[in-house]
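Both of the next two complexes hold chain A, though its partner changes from chain B to chain C.
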Partner chain A sequence: MSKKVLVVDDDPDVRSFVVTVLEENQYMPLTAQDGIEGFEMIEKERPDLVILDVLMPRGSGIRLYRQLKTNENLKKIPVIMFTGIALRSFLKSQKALDEFKGGEVPEPDIYLEKPVTPEELVAAIKKKLD
Partner chain B sequence: MDMNIEIGEIMEIKKLLFVTKFEELCYDALNSLLALRNAALEHVIFLNVIERDKVAMKRGSGYLKEEEVKLKETANIRFIDWAENLFEMGMEVGAYIEVSSLIPEILKVVKKEAPDLIVIGRSHKGPLEQLYAGSDVSELMRRTEVPILVFKHMMEDNIVPEKLFKRPLFATNWSDTGKKTIEYIKGFKNVIGEIHIMHVVKESTLKSPNAHEVQKVRKVERKRLDDLCDELEDMGINARPHVYVGDPQKEIEKAAKGYQASMIILGSSEKAAILERWTGSISKNIADKSAFPCLLIPGKKNI
Partner chain C sequence: MSANKILIVDDEEIIVKLLSMSLRSDGYETVTAYSGEQGLEVFKTESPDIVVTDIKMPGMDGLELLKKIKEIDSEKEVIIVTGHGDIDSTITALQYGASDFINKPVRDEALAIALERAKAKISIREKLKEYTENLELKIAEATEEIRRKSNFQRLLIKSSNDAIVAFDHDWKVVVYNSEAVTMFGEAAKDVRNKMTIDDLYTPKIAQIFKNQAKEEKRQNTFPWRENIINTKDGRQIPVRYTSNALYEKGEFVGTVNFFQDLTEIKRLEKELVQSERLAAVGQTVSGLAHYVKNILIGLQGGSYVVDVGIAKNNTEKLKTGWGTIKRNIKRVGDLTQDLLTYSKQRKPEFEACLPNDIADDAIELVTDFAGSKNVLISKEFDSGIGEVVADPQTIHRSLLNLINNAIDACLEDEDTSKKHEIKVKTYIGKDNHFCLEVKDNGSGMDKNTQKQLFNPMFSSKGGKGTGLGLLVTGKLIEEHNGVIEIKTRQGIGSTFTIKLPYEKAN
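== the complex of A and B ==
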């Protein structure tokens, strides 16, 4: 059975690019266009992997990542961050939230800064799923 | 979001919508708002609306898809840069870049995101266009109950106060919207340095022009202002009362200059919104003409 991969990104062109890459590599793509829809989808579908943008309306990837990694039932789902936001800023944001909200969340499994080639994306997905 | 604030209910700004075309509202304007983090601000939404005529179909060239992509990517790169700064502070950030018309798009995002404040630059339209078409700001005032902070066109004045909440001037006319505005101001209690509160007695309301009559009116209004200042000071907000007599628009502008206000805060009634196309309301005129940033609190309306 194909593994389910959820793509959370507000840009339809990016969703389309990732979905195509996933389908060509026999994965089952699911999509959500913001952090709120993404979390609902994760709870409902329990994907094997999440590919997550950061800067999105209605709930950023930073919030969704934190929601995932602090949820006992969901925190083991691997996440590939796929974004224009620099890793340095992402890590600083998590550090600021750790201090502000308490707790500590782990760094993402893989952090890809846009743009990437289909080959780079496939390699990252395979690394987590195969 | 329910913007029908009851009197006595403090309104906090947790989420703000920052509408920018980049040339009139940039990061320094946003930066001046970050003092609101000491109040309750935790979420900033960026909106850039690419007006349709910039990418519209033209004879011989068709829809300018490449231009749309270029404009969207340019805006995206700018937002990413701003968002990184805010994310690093531990804030939540979102962004919309849409090809649309400005006001309908703002209203759409307001519905989706329920912000507590809309921040917008002043329209570039000339006075004649504003009279017939309505400026962006007055159009927005008519159609939303969310407070609006209007920044001025940077090219004209080139001032963005570093500390927007350091010394605001609130002009009250004792209307219901004025009362709602006070509840809104209370939400800034950890941010405001000192607030100047003024009431302008219109010359036309003075029954007789003699000095005794003027002093009598002044005394009554001053007492009301003192009570209001006491109420705010009980909450930890430093407040100073002022009574002026004359044309409200001119006197508010005069007071703002005199006290070196960091912004002007005004309520705007629904009645004023209806009448303003014909007569020009005080809040509209100040928002359009003043050199100071203006925080406008719309009145209750049936949207």
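== the complex of A and C ==
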């Protein structure tokens, strides 16, 4: 059975691109439009991998990432951050949150800065799933 | 100079000698002569201050001598010595200008008194002369000073950078300097002492100055004001002006007006705004780069999906990919238009239009999208607005921008339990404005976001905004002589109100 990959991105264009890449590589795509929908989907579907945008209305990627990594049942699900935000800015916000909320959240497994070619995306997914 | 030198003339030698001795002992200097002829000679060479002469002498007598002396110097004091009862000679001597008379035989006291009187007269005359000379000098000085001052004032008025126009109490032009010629375009010779205030100014401007003259004298000057002057030759000049009503001893004597041409300043101001705007566009570049990158990502993603669709002959994929590409092409188009609108000067194109209909069009464009995001758009239009003179483009673009922002504010709202709603309202506002209001119950804004709203490059939408939207809207409204007002509360929602001048179309 093909592996389930959840794409959380508010931009329909990004979703259709990633979904197509996943289909072309025999994965089973799932989609969510924002962090809140994304979290519901993860709990329900238990995907094998999450591809997560950072800046989204209603529940940002930053918050969802934290939710996953601090949840005992979900923290093992690998996450690829897929975003237009530079890694440096993302880590800075994570660090600020660490200090604010206490505890430490591990850095994302893979961080991809858009734009990303289909090949780069596939390589990143394979690295986590194969 | 004290009168000290005395000429004594008498044909009787002894008398001359006696008098001379007596006067010398009183401290005078004396010269003497024994006949009229000799007396005249001595007078010419010695130039005495006072002459004492006998009237009766052989040859040239005293009267003749007096006459000759007065011809030489009318101010010389001549004392005549007469015999008793010689009234006729005395009268003649008076006519010739004799100073005084003493009777023979000459007594010392009488002579002393006559001399003192003569000396006093000389002294007064000298003082008078001094005063007169001084006065002439002073008048010459004063005249020079006045000439200089008036010349200075004339030059001052002439070379002033302000246009100066002064009227007398009948409102006739009396001062009209060269700047005024430049400003009003009428030659000085046709204006000065010929035109009245009504000939030179348009009625509106003339009335301002006339009213001023009617007002209390205490307010005879008013602060600089700005206005547009329409010249008779059809030019419009932005000016700064002030005026002084002139009073002399409480009487109104005229008015002087000062005008400063602001054309150049206004042009520079405009240029400054323009260059600031261009600088702002420069600042936006980093924000823009981000935005353009997102478009690029969209286009690349879209073309990948289209490629897959072609390879697999999958119509569904083709449609999806093509949709992505078209959306991103539109984003490029919108961005280009925003940039052009923002960086170029644009004059609103006024025409008769119906704001309510334009608002309807704008709402129509976004209703489907809003609906797909569960945002309800409602409207409340005041049909009383009717047809107005305005730029339909400005209304349409501004409103569309505000509605799109409102939708974004609803989508960004963390509170998903709210039923999100946007209300578009039109109404006639106070002080002759009509208003277009967009009210949402979305996320609202914090103080910091509010402060930066009209800053270029600022976007609260991450990479999804150009940071140009509100900037462009603000500029369009400003060019339309309108204003945007914002009320917002974080977590409650925002209300944006556009106020535009209300001019009903005929």
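Here is the rule we use: the second predicted complex is superposed on the first by the 130 of 130 C-alpha atoms of A that agree within 3 Å, B and C clash if a C-alpha of one lies under 4 Å from a C-alpha of the other, contacts with A are read in each partner's own complex, and residues count from 1 in each chain.
As a convention for this text, contacts are C-beta pairs under 8 Å (C-beta built on N, C-alpha and C of every residue); 3 or more make two chains touch, one makes a residue touch a chain.
What you see is a predicted model, and the numbers here were worked out from it, not measured in a lab.
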Judging by the criteria at the top, classify the pair chain B and chain C on chain A as clash or fit. clash
Taking the superposition as given, does A:24 touch the first partner, chain B, the second, chain C, both, or neither? second
Should A:75 be classified as contacting the first partner (chain B), the second (chain C), both, or neither? neither
With both complexes overlaid on chain A, does A:58 touch chain B (first), chain C (second), both or neither? both
If you stack the two complexes on chain A, which partner ends up touching A:118: first (chain B), second (chain C), both, or neither? second
Could you tell me if A:14 is touching chain B, chain C, both of them or neither one (first, second, both, neither)? second
Touching partner for A:84 - first (chain B), second (chain C), both, neither: both
Determine, for the stretches 4-12, 328-336 or 346-354 of chain C, which one clashes with chain B when the structures are superposed. 328-336
Which chain A residues are contacted by chain C in one complex and by chain B in the other? 55, 57-59, 84-85
Give the list of chain B residues in touch with chain A in this complex. 45, 76-77, 79-80, 83-85, 87-90, 92-96, 109, 112-113
Along chain A, where are the residues that touch chain B in the complex? 34, 54-60, 62-63, 84-86, 89-90, 92-93, 96-97, 99-100
Under the definition above, what is the set of chain C residues touching chain A in their complex? 290, 293-294, 296-298, 300-302, 304-305, 308, 317, 320-321, 323-324, 327-328, 408, 411-414, 416, 462-464
Touching residues (chain side chain A, partner chain C) in the complex: 11-14, 16-18, 20-21, 23-24, 36, 55, 57-59, 84-85, 114-115, 117-118
